[in-house]
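Listed next: structures, encoded as structure tokens.
Both complexes below contain subunit A, partnered by subunit B and then by subunit C.
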Partner chain A sequence: MDRGLLPLRPTQRRWPILGAGPLALVPLAIQAILVGSVCLGLLFLILPALGYLPALGKSAFDFAPLRAALAYPGLIAAMIATLISGVLATVVALLLALGLIAVLDPLGLGDRGGGRWLRRSMLALIATPHIAIAIGLAFLLSPSGWLIRIAAQFLAIDQAPDYLLVNDRHGLALALALAIKETPFILAVALSALRRIDAEPQLRLCRSLGYSASAAWPKIVLPQLYRLIRMPVFAVLAYGLSVADMAIILGPSLPPTLPVLILRLIADPDLASRLTASGAGLLQIGLVLAAFLLWRGAEGLCAWAAHRAVTRGRRDLPTSLRWIARLLILAAGVGVLVLGLASIAGVAVWSITEVWRFPEALPARFSLATWIRVFGGLADPLWNSLALAFATSGIAMVAAVACLELEDRLGAVAARRSQWILFLPLFAPEMGFLFGLQIAASAGGLTGTVGAMLWFHLLFVFPYVFLTLSEPWRALDGRYARAARCLGAGRWRVLLRVKAPLLRAPLALSLAVGLTVSLVLYLPTVLAGAGRITTLATETVALYGSGDRRVLGVYALLQTMLAAAIFGAAILAGRPRLFGRKPPAMP
Partner chain B sequence: MTADSHTLEISNLVLSLQGRALFGPLSFTVEAALPTTVMGPSGCGKSSLLNWLIGMLPAAFAAEGRVSLDGRPIDRLPPEQRRLGILFQDDLLFPHLTVWENLAFAIPPRIKTRGDRRAVATAALREAGLVGLEDRDPATLSGGQRARVALLRVLLCEPMALLLDEPFNKLDEPLRRRFRATVFETARTRNLPVLMVTHDPADAVAAGGPLITLGDASLSEN
Partner chain C sequence: MRLRRQFGRRAIMRMALGAASVAGLRGAVPRRARADAAPGDYAHALEQARGETVYFNAWGGDQRINDYILWAAAALERRHGVMLRQVKLKDTGEAVARVLAEKTAGRADGGSVDLIWINGENFAAMKSNKLLFGPFTALLPNFGLVDAERNPTVVLDFTVPTEGLESPWGMAQFTFFYDSAKVPAPPRTIAALLDWAQQNPGRYTYPAPPDFIGVTFLKQALHELIADPASLQKPVEEAQFAAITAPLWAYLDRLHPLLWRQGGAFPDSATTQRQLLNDGEVDLYMAFNPADASSAIAQQLLPETVRGYVPAAGSIANTHFLAIPFNANAKAGALVAADFLLAPEAQARKQDPAIWGDPTVLALDRLKPEDRAVFEKLPRGAATPTDLGRALPEPHPSWVEALERQWIVGYSH
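Here is the complex of A and B:
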């Protein structure tokens, strides 16, 4: 492999990747798996949805499944609730995340006092499994929930009121939970993108042109920032329209949202339901595409309005507007944070509750009885979850490092051209293509096997691992590697002895991201496991029907603690090994 | 455009970084006809001098002193009210806006309608010999065109003095000479006092005004 010092860049070829030796196989393989899986999934969804399913003796194309799906009771309502919750959550999360930066950044508050505290605790919410947020929020908001119990201390309430804050018809509670989960994510993505814009000199210029800081930011920095975070925003939108586990807990129930409806149809032993399900899956894909188009249209409108506004030359926002906006954004930011943290607290309290009668604000007696009782049944799913998480994250890490190392060896352009492929599963309508993939996998007798679990998990774990690792990897000063090569080190030695130690912290972080993504995956696990392999994520949702808050509390808190432990370990492992030495500056 | 000539007056300026004085006390007056040049090795605080003037000195620095424009003290004003135009080393044309939108951003709001604002931008471009660039993406302009659009943008904001933070530094030699001449010529016809920070002696010669040299916490003026 080591060809000495001479060819830092191979000579120009039609297919430069062919010159890279066996290492090139890894990125090719991972791209083939990602693209192949999405295409295979879509194919195996669309064919039955158009009436072609030889296994059921149907080989003529017709629209019967689509018609059956459309005639299915409550389907239209399910689509509307899905659209409302998914789009609303994305809008709220995006506005809130950008609003928080807009309020904190131009004043330089992002790094000081309250601003720093708000930002850090927001980022801590990212690590919280969304299932824990959903369960915690259900504990908070339900008619006998914590909020009512606290209110009961001041008002005369002695029985659970009759209202529907969770499982509401339009999916608003689901939208709220999604927004709590996605705001910190978009915030993190936007903060990291902000560093690439180099806004500071531009803002200085704006002020010398007479603009106040709070007017210059939305006019000049915001549009540039949005361009950089578009892809993640579309991924958030696709996720919101496809989410199943949170929707089972917080979404409407009769009819549920579209992904949950499809899951129920799949679980139906009547084979005809599977045709209806594939018809509904096709509608799900259409729904995601329609939402994408809608979003694209809204982007166009906003861009048009922004360009009109920027040429108008108004140097300041009206003071009242500025203060109202600031107050709203800060209040909403604190609200999201408090709801998120209170959800976790609720989950924790319920897990150690022994007796908690209705209007009381806190349990009368605490005990660890639930933990002890549940622990026996926990061992299996816990072991499955962890084994699966470590196996997929390990594979994903090796693949991501191979992709990035190949990029270094070939020169970035050839490798980066096709990089959007690596994120394909995050944009594809999850419910739709996974369902198709499950049909394909079960045709091959793969469902319920470890192989299928690894395969389905890798589709989502790899993109997140790559996303986390690629930016710091590319930001690493290439001169370190070149200097090492000039000192006689081969490419592999440079990788192991120079790049890996310098990238210790990002490597640890991306492993942690991979582990936590795998731990919380629900839909891929349910579909690949076919009920035969259970994990913490699937068990939690399955237990939700039992309504035992203590047991649910244990499951949700356990997952939260696992995620916290993983990120804690990653932070520790990312520290430099030698005392008294600073880690290299990571731009 | 403006017939009255302006004066920028700096008095008793002491600039320090983390308690260590970089220079000062420094007092000088910049007259419209005589572009003043500040030179000195890197780290002497010459760029910080400009940052202080526009009111955006980084928090690590401390400054004492006064600055007034036409006899009116401006050092307590927020940056956006000081009416000092500044050209940086980078042209900082906003990458997400077209050329005319970049210019319109600087045109004072008293020119109201979109049509009028566009006409002002077009006239300015024509005057600078940049006909037809209105709807171009700044990224597609040549280096010289970008530099001139950046200058136009500052001037359209109607500043009362012009600060130059090594704006010729990144241009190649022939272009640099031409652009330098354009800047000083424009400042002269508009009666703008010019304060330039540079490390290139040729810039100082072209400015043809007083030279202030900063360095080693000592100060010489000739």
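Here is the complex of A and C:
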């Protein structure tokens, strides 16, 4: 386009957002909440970590808490285990997700058999709560677990072997569980990003230059795709380094991972431990930053290697290598799917078990007694979980729609400039800044209130809702809205009568994502609820030590069923209404 | 319950629309916390308690106990109009830390903890930081049924005098359990345990400190291994700690390679270890409740062949209590709840192995004959040891912290 025409663009004001009227308040408010919370949390973490906590009579800055944290027994080992499990899980999930796309659905069309299979099976996994996967996997893999019990039917095993897989020192079991959970997430994000890359003509061009399809995809599509999914990948990395509930169940115990160690220090009745905890929280932030730098370095290295590979201009990969890679990727994909589904199956079977002893492959007696027994204590956490989930994701969705609508009205550039802010809570080291935020909230007497719960949940629900909604929203053909405007419809009318119905499926899906994210939040709930407001997620972790897998099974399965029902409803609600004819196709 | 019936589906709809007006979260701190004037006598407390919600902070890692608390909550609501809600803790220290944080933040009333299940170092920490309401036990009618003369641990918590700041709830004695179908002769001393572990490597473990059963195992071992156990009754002196505990660490250094997972991982609680026994991964587990296995068998959580025993030298015994924080929001309700949980009816139900099996703190000779008859009719449970042997006193609470710390230093790597 000729640059001389540009002055006609509407976004010429210095502060275009000021011209957007009251709608602009919503994104401003949500950005203020997100940034404010993270900053407040970090501030209230850093001050005590530097020895400043007037409530304890400490007002001189020093490095004592940091030193105390560093001197805490096992801290270095805890940091190493955290780093290994978090980074390993992210690497595996990313490679596997991209590999599966390359093999099964390189164009992101989702219409071929492989692509459809990929979407369906991974959607099933994306909906299952972390905690259910963790509990199920712990049972599956432990030396007296389901796999060994099944093997015992064929081999002569009468005593559980003594090996250490679950709770292993380096956090490999934790990494596996995280990878099972994160692969479908990255996959979903990548598939939706793939739609923004018009891959087919590019690949066709490559083919015409003599590249085989399997050689062209990594050279042409992959770099574009990775650039689009970088942010979610960093979020996955940050999550893996901050996760607490899964680490309690599957992570090492001597010492535990850093986030679990911090939780333990917070619970110590000796208040001086809180200073140590803040010091450890600071280290947690450092750890996440270090991992980010490490990742950035690896990105550079990969880019350099990829550049060399591209310029070398090889038209095809050796056939044997291609097949081995394909086989490996498919096997790993099937493995992840099977482990994930088997974990849920294990949880489901336990919930209706009466007696199931090693080495029987299935329970000796089934019974619904646990469901009936647990039911009495279920009312409060269930109600709290649902009320919170609906309230926060409702707010988050309205806010996300407001942000995106504003983006449409202002022109994408101005609004997108500050977009990274919306994802800030996903990158910020969860354990670190939430702990600081809890100190701040409790100083204001807010912990244990509904407001604090909504606030803490919104920090995590909003980014996911926005992430789910923004991609399809921006992909919506702008000509629909323009046509409606030409016919005299106002902006609000266009939003409600044109965009909303066209975006019904993504809207329903983003609400579902918001609901399920809120349902499974553990750390924010524990810290904001002061233990008084319990949800299914916190109850499940509290019951983990009960040594009664039947009860755990009920709680975990209930969460899984809720998530499945939510996604099922979203898919149903998102189906286009066809009044006897197809929607008009745009040329 | 009432809330849901009142609003039902419409409330959900409203929330779905993003209404921020959810005041309906169960357990939320009321916006304007009504400060409870401390009631002067029990009749006054009963009156004041009606309609109050008591947040009972209690370790939530055992569904049987949670079920028992649900029963008590229903009875309390029916009889006294007091709503008892359990806040399930992973570690009692969480609640102590919360009250302490509230005090440092200057929250002198409307606190988030009303009643707390506590003993030992947590009680000592709360007492020394002046975090407790009371003395209140003299207000409770049922406290008269407790005999502190013959049962000194009901007023002496880990050697620390309770001074009426906590009301006894149950008795505990450290007990070992084994599967008699697999282990013909379980080791009855700490020294024999090492020999047994040498013959059966990988079949024993203990919960990782700071879990209280794990720490109690250390205390039990210390008690049996050192020449002068009386020194444990005094507060730890740093200068002597290393010398006194040296035999313990020498013992553990030899024991750990023989443990489950070669000592590379430990179960996080006694209930997890009980599950390991049920799974056939280990052959022994320990609990503070002598009826733990009987009750677990009744719940089908253990094979019927499991039996219990107390070490030959006797074992650590203590009492667990209920206390009310200084800034509790519902003090009257907490008093009524504490008294109800001490009543013969509640105590008898608690002692029933089919329910929980936790031994009573009441002196049976002080009960009315019909109440006594209820206790005497309770089944003992096949797995409960018939002879509990000598009750060893708990060491001073300062030992808990010192042992925990040294254990973590020595074995976290």
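Here is the rule we go by: the second predicted complex is superposed on the first by the 548 of 587 C-alpha atoms of A that agree within 3 Å, B and C clash if a C-alpha of one lies under 4 Å from a C-alpha of the other, contacts with A are read in each partner's own complex, and residues count from 1 in each chain.
The rule we apply is simple: a residue touches a chain if its C-beta (ideal position, glycine included) is under 8 Å from a C-beta of that chain, and two chains touch if they have at least 3 such contacts.
Owing to the predicted nature of the structure, the values given are computational and were not obtained by experimental measurement.
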Query = Just subunit B (first), just subunit C (second), both, or neither: which does A:Gly210 touch?
reply = first
Ask   = Does subunit B (first) or subunit C (second) touch A:Ile395, or do both, or does neither?
value = second
Request  = Mind working out whether A:Leu507 is in touch with subunit B, subunit C, both or neither, as first, second, both or neither?
outcome  = neither
Ask   = Should A:Val551 be classified as contacting the first partner (subunit B), the second (subunit C), both, or neither?
value = second
Task = Answer with first, second, both or neither: which of subunit B and subunit C does A:Ala69 touch in the superposed model?
result = neither
Request  = With the two complexes superposed on chain A, say which partner A:Leu100 touches: subunit B (first), subunit C (second), both, or neither.
outcome  = neither
Message = In the superposed model, which partner reaches more residues of subunit A, subunit B or subunit C?
response = C
Task = Once the structures are superposed on A, label A:Thr311 by its partner contacts, choosing first (subunit B), second (subunit C), both or neither.
result = first
Request  = Using the superposition on chain A described above, determine whether A:Leu254 touches subunit B (first), subunit C (second), both, or neither.
outcome  = second
Ask   = What residues of subunit C sit close enough to touch subunit A in their complex?
value = 1, 3-4, 11-12, 15-20, 22-29, 31, 55, 57, 60-63, 66-67, 70, 85-91, 93-98, 100-102, 104-105, 107, 110, 112, 121-122, 125-126, 202, 208, 210, 260-262, 264-266, 268-276, 278-281, 299-301, 303, 401, 405, 408-409, 411-413
Note = In the complex, subunit A touches subunit B at residues 201-202, 204-205, 207-212, 219-220, 223-224, 227, 307-308, 310-316
Query = If you look only at subunit B, which of its residues touch subunit A in the complex?
reply = 51, 54-56, 78-86, 88, 90, 92, 94-97, 100-101, 104-109, 111, 114, 117-118, 153-154, 157
Ask   = In their shared complex, at which residues does subunit A touch subunit C?
value = 55-56, 73-74, 77, 142-144, 159-160, 162-164, 167-169, 248, 252-255, 264, 266-271, 273-274, 354-355, 357-359, 373-374, 376-377, 379-380, 383-384, 386-388, 390-391, 394-395, 397-398, 442-443, 445, 447-450, 453-454, 529-534, 538-539, 541-549, 551
